[in-house]
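Naming follows writing order (A, B, C, D, E and F), and every chain is counted from residue 1.
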Amino acid sequence: MDEEVERIAEDIESMKIRGAGRIARAAASALAITARKSSATSSEEFVGEMLDAARRLIATRPTAVSLPNSVRFVVKRLREGSKARLSLGSLKEHVIEASEILIEGSEQAVTRIGEYGSKMIEEGDTVMTHCNSSAALEIIKTAHKQGKKIKVYATETRPLFQGHITSQILSKEGIDVSLICDNAVRFFISKIDKVIVGADAIAANGALINKIGTSLVALAAKEVAIPFIVGAETIKFSPETIVGELIKIEERPWSEVINPEILRNIGKISVRNPSFDVTPPEYIDMIVTEKGVIPPQGSIQILEENYGWMTPEELFIL
Amino acid sequence: MDEEVERIAEDIESMKIRGAGRIARAAASALAITARKSSATSSEEFVGEMLDAARRLIATRPTAVSLPNSVRFVVKRLREGSKARLSLGSLKEHVIEASEILIEGSEQAVTRIGEYGSKMIEEGDTVMTHCNSSAALEIIKTAHKQGKKIKVYATETRPLFQGHITSQILSKEGIDVSLICDNAVRFFISKIDKVIVGADAIAANGALINKIGTSLVALAAKEVAIPFIVGAETIKFSPETIVGELIKIEERPWSEVINPEILRNIGKISVRNPSFDVTPPEYIDMIVTEKGVIPPQGSIQILEENYGWMTPEELFIL
Amino acid sequence: MDEEVERIAEDIESMKIRGAGRIARAAASALAITARKSSATSSEEFVGEMLDAARRLIATRPTAVSLPNSVRFVVKRLREGSKARLSLGSLKEHVIEASEILIEGSEQAVTRIGEYGSKMIEEGDTVMTHCNSSAALEIIKTAHKQGKKIKVYATETRPLFQGHITSQILSKEGIDVSLICDNAVRFFISKIDKVIVGADAIAANGALINKIGTSLVALAAKEVAIPFIVGAETIKFSPETIVGELIKIEERPWSEVINPEILRNIGKISVRNPSFDVTPPEYIDMIVTEKGVIPPQGSIQILEENYGWMTPEELFIL
Amino acid sequence: MDEEVERIAEDIESMKIRGAGRIARAAASALAITARKSSATSSEEFVGEMLDAARRLIATRPTAVSLPNSVRFVVKRLREGSKARLSLGSLKEHVIEASEILIEGSEQAVTRIGEYGSKMIEEGDTVMTHCNSSAALEIIKTAHKQGKKIKVYATETRPLFQGHITSQILSKEGIDVSLICDNAVRFFISKIDKVIVGADAIAANGALINKIGTSLVALAAKEVAIPFIVGAETIKFSPETIVGELIKIEERPWSEVINPEILRNIGKISVRNPSFDVTPPEYIDMIVTEKGVIPPQGSIQILEENYGWMTPEELFIL
Amino acid sequence: MDEEVERIAEDIESMKIRGAGRIARAAASALAITARKSSATSSEEFVGEMLDAARRLIATRPTAVSLPNSVRFVVKRLREGSKARLSLGSLKEHVIEASEILIEGSEQAVTRIGEYGSKMIEEGDTVMTHCNSSAALEIIKTAHKQGKKIKVYATETRPLFQGHITSQILSKEGIDVSLICDNAVRFFISKIDKVIVGADAIAANGALINKIGTSLVALAAKEVAIPFIVGAETIKFSPETIVGELIKIEERPWSEVINPEILRNIGKISVRNPSFDVTPPEYIDMIVTEKGVIPPQGSIQILEENYGWMTPEELFIL
Amino acid sequence: MDEEVERIAEDIESMKIRGAGRIARAAASALAITARKSSATSSEEFVGEMLDAARRLIATRPTAVSLPNSVRFVVKRLREGSKARLSLGSLKEHVIEASEILIEGSEQAVTRIGEYGSKMIEEGDTVMTHCNSSAALEIIKTAHKQGKKIKVYATETRPLFQGHITSQILSKEGIDVSLICDNAVRFFISKIDKVIVGADAIAANGALINKIGTSLVALAAKEVAIPFIVGAETIKFSPETIVGELIKIEERPWSEVINPEILRNIGKISVRNPSFDVTPPEYIDMIVTEKGVIPPQGSIQILEENYGWMTPEELFIL
């Protein structure tokens, strides 16, 4: 393993490099470095070197989402080039170019999402958002910067009150924000023109995995037939779901929900704290990605373009 | 005004007598006392005395719900008797009997609701409840006492966390309770067999006015087609809605939602805190009252039986 | 037949007396006159006289709606009194009182509907209405007179453009009106807070029969979950539907839809012009009557109170 | 116990008297006989005698539906009369009249349902029916006798193939019948104008309990928004559901579903055979009773008229 | 700029060339001419020349839809070839071929749509159409020419009565047409087997932008679960919506809706006249294009094939 | 025609080779043999030979589904290679490779579907299946082999009782199976976590054509919002539907539905026996193919990848 690549791997491992986008870009650049420095004398040898680096990188953070996707993106193009029997030189170039495309795309992703999504916000719109998503907020902030007068309802987002951060960010931009309890979503929904949220992951059938409560907001939005818009970088789309994997819904500590002392008073009960829920595609009007706006069912097209129809062996073992 | 009656009025005024049921019964008994002690020599005089007492009672707590309904219940029968030209003696008797019917009905109401509603809970059922309603809890507790093995999901019910009290009450009965954030309602709904909630008021068209978030739970229940059951004493049915009055949704202090210090950090935002929402009748499968189980649209039948088709003049001025 | 009664019958026949409310009141007063002037010496004879008058009145305008309903209202009470073996004097009184109740109710009906319905319009509401209904307009005008700032979208209501009249009436009151094509209903529906329409008839199951296009507006309102409110005098509720009669949907002349010259140019086509359509009860939130606000399914309760469970023989032959 | 009454009780017990309608009428006539022959000298004594007879009758067939309802109908009027302090003579008369009303209503019930329901079938209609209901078939046959050209799709109704009997009955009347598998219901539903079925029971909230598969037909009808009409004598409405009782869904022998030999070949599996299912009121457009056509939610009104708001004690112990 | 190309540009500008298809083909042929006549000596120079011509063409009619799409189609292939470093000769060929593909596709588009769509019309079908779309009518006419017996309901399509033209066209073909008011759509929908309409534009998420009222017809069709089919040339699919642009809904003069004189009589009202509305993808069963039949969500696949994932810079500045 | 190829054709013709997968693979291998043995001296000649073989193969079983799709898959790549002006050698290689891809994909298809689909079954799930599909059963069996405790409800699937075979297969694997009448689907649906069925064909818009009754199960699953999952090899996706062809729904003999003797007793009725029905894409959550899991609307993407946008001429005449 090249030292520079190893250093990147360790920085990801030690969480020195963090954040979905930053990790994705670091992994891609490690692969580009591997390619550039390779002294392989045959395509086969080169492919071997690249897969070694890929495996090393993926192993650093087994539960990250953007990390394996970034590696898969580059490795897919490596395999294609290899299968097309590109010369060693062309193959390297092809791989390096793939890394650059991913890096560039990732760097611009949130800005592009802000740009595309903001056009769908109209003068005078009232927007509801749930939790605290940089993609969703970028859409709102961009629309505000375009001079559109907008109003935002931010849910407090129990149990961790991410709505407080959302309120703070928007308020600092000078945007008119109202903070509400999650329970009040349906009460206010008739005043809302659009709902805009982010994504933790998008499944192959277009389902959205996002902060607990998102699917309730989506249900309320569907009842009054207003657009429910998701901002999501394509790196969030999950190729594992193509081969049938379900996205695991983590259950987080009960102490996020209730103070131990209060719990003691209540007596013997259980406290359940799932952190995400699944919003089915029929409740989603569009997903704004850095490539463009798609219907939720377009998820499979994005996945196919980025990763092809990988088998589980290709997806996980590389 | 008779002294005893005046004392009851003052006790209601000073909140010495409190609780929807207790107030209702006190008012009815004050009217019965008025009737018993009346020295009127003609029916006209007697009606006048009764209406004076009625007005005095209603004036004590202008925003209570059960108070005017209790008075209206008795006065309706006073008017009917008067219109039917009952003799003075019969009229008094008729009024006293009306008071007794109301008092007896009110005393047994929650027990009867528990008895009727519990029969609809089946062995092994998992029930979700929202907020903390004595009628809803009576149904659950009665089913538990019948030896049925049941499991309850209680929402925490922001902003005031009434779900903690609900959890405590049920846990003390030995019922298996899981406390969840309101946001997790749709996540857990596929495990739920029935939703059971209480009522702040029932409108003439069968709509339910209840703690904020109730209508979101109802929406989630509707999506998976499970029964959404309301426990409500008939005294909660609102005759004002027959003449078009909307039930006012109180907005409570923002400090229930957020701590002032946290708010200061967030910056300039508004905090909205409506305390109730409206669940439309099409999301309600049945309402369990002390008279019996009815479809939500049966509300108008209950109202008509209890109060007749009063005009606004009759309803408010008496 | 008494001369005065005969004169009323002729005035209805010759359309000297017209308008649903006026006809209903004339018929009831003719029955009261019959009762007052009756020289019958037995209850049987009196009932015979009354039924003769009833038949004579109904025969005057076989297709009117309010006419037979008014007569049925009085005759129902005649039969009840006769069955209860009231003395001849009491029976007369009973009948006369029934007539007076109907007349008084009818006189106040539109005003009461305006009063009750207007309370459901809130400050700042935008209302959509279809066709030109005095009950619906009374609701809107009353709300406006209460000082509420409201805005109205009036559909033009092809083929006869009754929306022009609606616009004129509301505009004269100083209400902000926008006239739109019927086709634009769904385009504007997201700006609408409530839909308010009138009724030609209400069926036993709560279905609304009203001007063609009403059910499309209801469908659009349902899609965005806003209240769809019907203003309807109880005389419009159809007891025939209790015994299974379908309300006939008249097809009116094609010349209302298209100019003969234009038709000639088009060539050989058929032009269909049904004048009413049926809005199912699940699209109706409430019906505002002069007795009070009811859910559509409360229709059967209104019908039972006014007419009882008549057999077809009782309904049509009297 | 009077001998004649005892004989009737025994005939019901031994199933010499059978059929929901016949049993109901026999029970009512036994009560009338009891009243007529009573030698009681006070109202109290008379009430005691009547209740004894009522209990004897109900005990004959504990699971019948029409039997207790018939008895309850008469006893309700007995109690009312007693509470109104009618003279002994009047009380007897009142009870006898109640029995006669029930008997007459029951005798005419199916015919009246046929008469009312048939008016809702239009020339050229295609009707679907499930299982074999005399009320539903009476509607179809009456429409056919009125000269309307109709076509019927009859489901075969597994497991017992009651659709064969339905097909035979209709075919004998000269009606155009197509027999289909239950699985083909949705395939043919777009050709259907109305669905008409019978009822085993109607619950207080308007839900229909009927032959297994009925609710699937209702779901298919709802998807294409065609009327789903139920023919049901009022004696089928269940007053037990007012006090929260669930209607028991009997599970019948597996041998109705599969031949023992075939089952042996298949191996170790379980066979489930519930005989009824529950159709929720929102899938029912109207219920045709012998009193008239009602919305499903009108069930509570029918029940209240027939039985009042009985407590469980009144309902079951009498 | 080549003279011939300039002439084409001017002819588009002066509307000498008009009609979406004709403009698209003229623009593509102008680009082919530019390529053929190019004397560029390097690929870079050639690309520059082509982009100049593309910009000139697009500038001629800033609001046309098919014009920029045609140019984008060719320029996309120019860019791809340039990026793939094709030789100058191959690049020219590539561009010319792209133009020819577009022209040929456009020429055959309506015929192919007629061919494909007609297969979905079955013998005896009754079809509803709204407004006057050549693609929709081609489907109907082709089915008719195949000897299928069909019946058409044409809405009059207020405010401009394009339904008259539709009726005329179909009537001339010998097709059985009924003209109805837009208000009667839901009245007749139960007689309809399929709805077929055209498109002004198709958005990236599959939404249809078409003549005002289209979405109401779609809603009515959805209620009874009949297929709602759109005929749309792929040139109508809007790549702008990929980058978030909303399709502008033009509001046309009030004088289309109401005669000035009538308006004067009515008084001070506003008249609103939006010309299009948006039908969401969930109300569309399929879109028939000249490439084939797709689900509405297949829109993104069509757009990606024709234009790739362009950035706004690439889309608008070229 | 090569002898070996001719023999394969005859074996398909005579049904010596049968089963969708086996036929598809035989046809592809016949094309590979044709390519390998070809003595053509030019690409044109080679294409001619290949098309002759293709036509011969397709003619053997005009109604099979997998046969023409297999041939189209190879011929598409032949045409592409020919259009790309590959050398004769490369063209042959290209065609042979295409055959091999198809064969390999087909061999692994059911296993892959089992692998991918099984991951979506969770510990403790209760699954419903209809009819007897190898793809659906593979999913269930694979999940069982993974050690997950699952329970299956199998519908009997009238008229041919394929549910008996399904029960037998699953029971042999040791899976807990309950057999139910098709009528009981909605009764048990609230106990079901997922529905899994197979496919006879998938249309371009994502609609599923499968055994009669499938769409009723889908409707019941939709009502309670549980996943409805289809297992389908990509060879089942129908490219004919791209050009508008409707999939013919075969009506099978009435004798499958009823015994002639029973029918004779019933009298003159018709018996209808359609063998498939169409489940619209909005009732399908995902389709599990051997390539991966897709939303139903991803059907068009699969079809485009496998067959491109063929014209009817290309699809049917080759």
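Here is the rule we use: contacts are C-beta pairs under 8 Å (C-beta built on N, C-alpha and C of every residue); 3 or more make two chains touch, one makes a residue touch a chain.
Being a predicted model, the structure only gives us computed values, none of them experimental.
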Moving only from a chain to one it touches, give the least number of moves from chain A to chain E.
-> 1
Pair of chains joined by more contacts [C-beta pairs], A-C or A-F = A-F
In terms of contact pairs by residue number, which of D-F, A-B or E-F shares over half with A-E?
-> E-F
Centre-to-centre distance between chain E and chain B (centres being mean Cα positions), rounded to whole Å = 58
For chain C paired with chain E, centre-to-centre distance based on mean C-alpha positions, whole Å | 46
Starting from the mean Cα coordinates of chain B and chain D, work out the distance between those two points in Å.
-> 35
Could you say which residues in chain F touch two or more other chains, in rising order?
-> 223, 225, 282, 295, 297, 301
Name the touching chain pairs, would you?
-> A-B, A-C, A-E, A-F, B-C, B-D, B-F, C-D, C-E, D-E, D-F, E-F
Under the touch definition given earlier, write down the residues of chain A that touch chain E in their complex.
-> 112, 115-120, 122, 282, 285-286, 288, 291-295, 297-298, 301
State the interface residues of chain E toward chain D in the complex, per the touch definition above.
-> 190, 193, 223-226
In their shared complex, chain A is touched by residues of chain B numbered 153, 156-159, 164, 167-168, 171-172, 176-188, 211-213, 215-216, 219-220, 223, 249, 257-258, 262, 265-274, 277
In the complex with chain C, residue positions of chain B that touch it = 204-206, 241-246, 280-282, 295-297, 299-301, 304, 309, 311-312
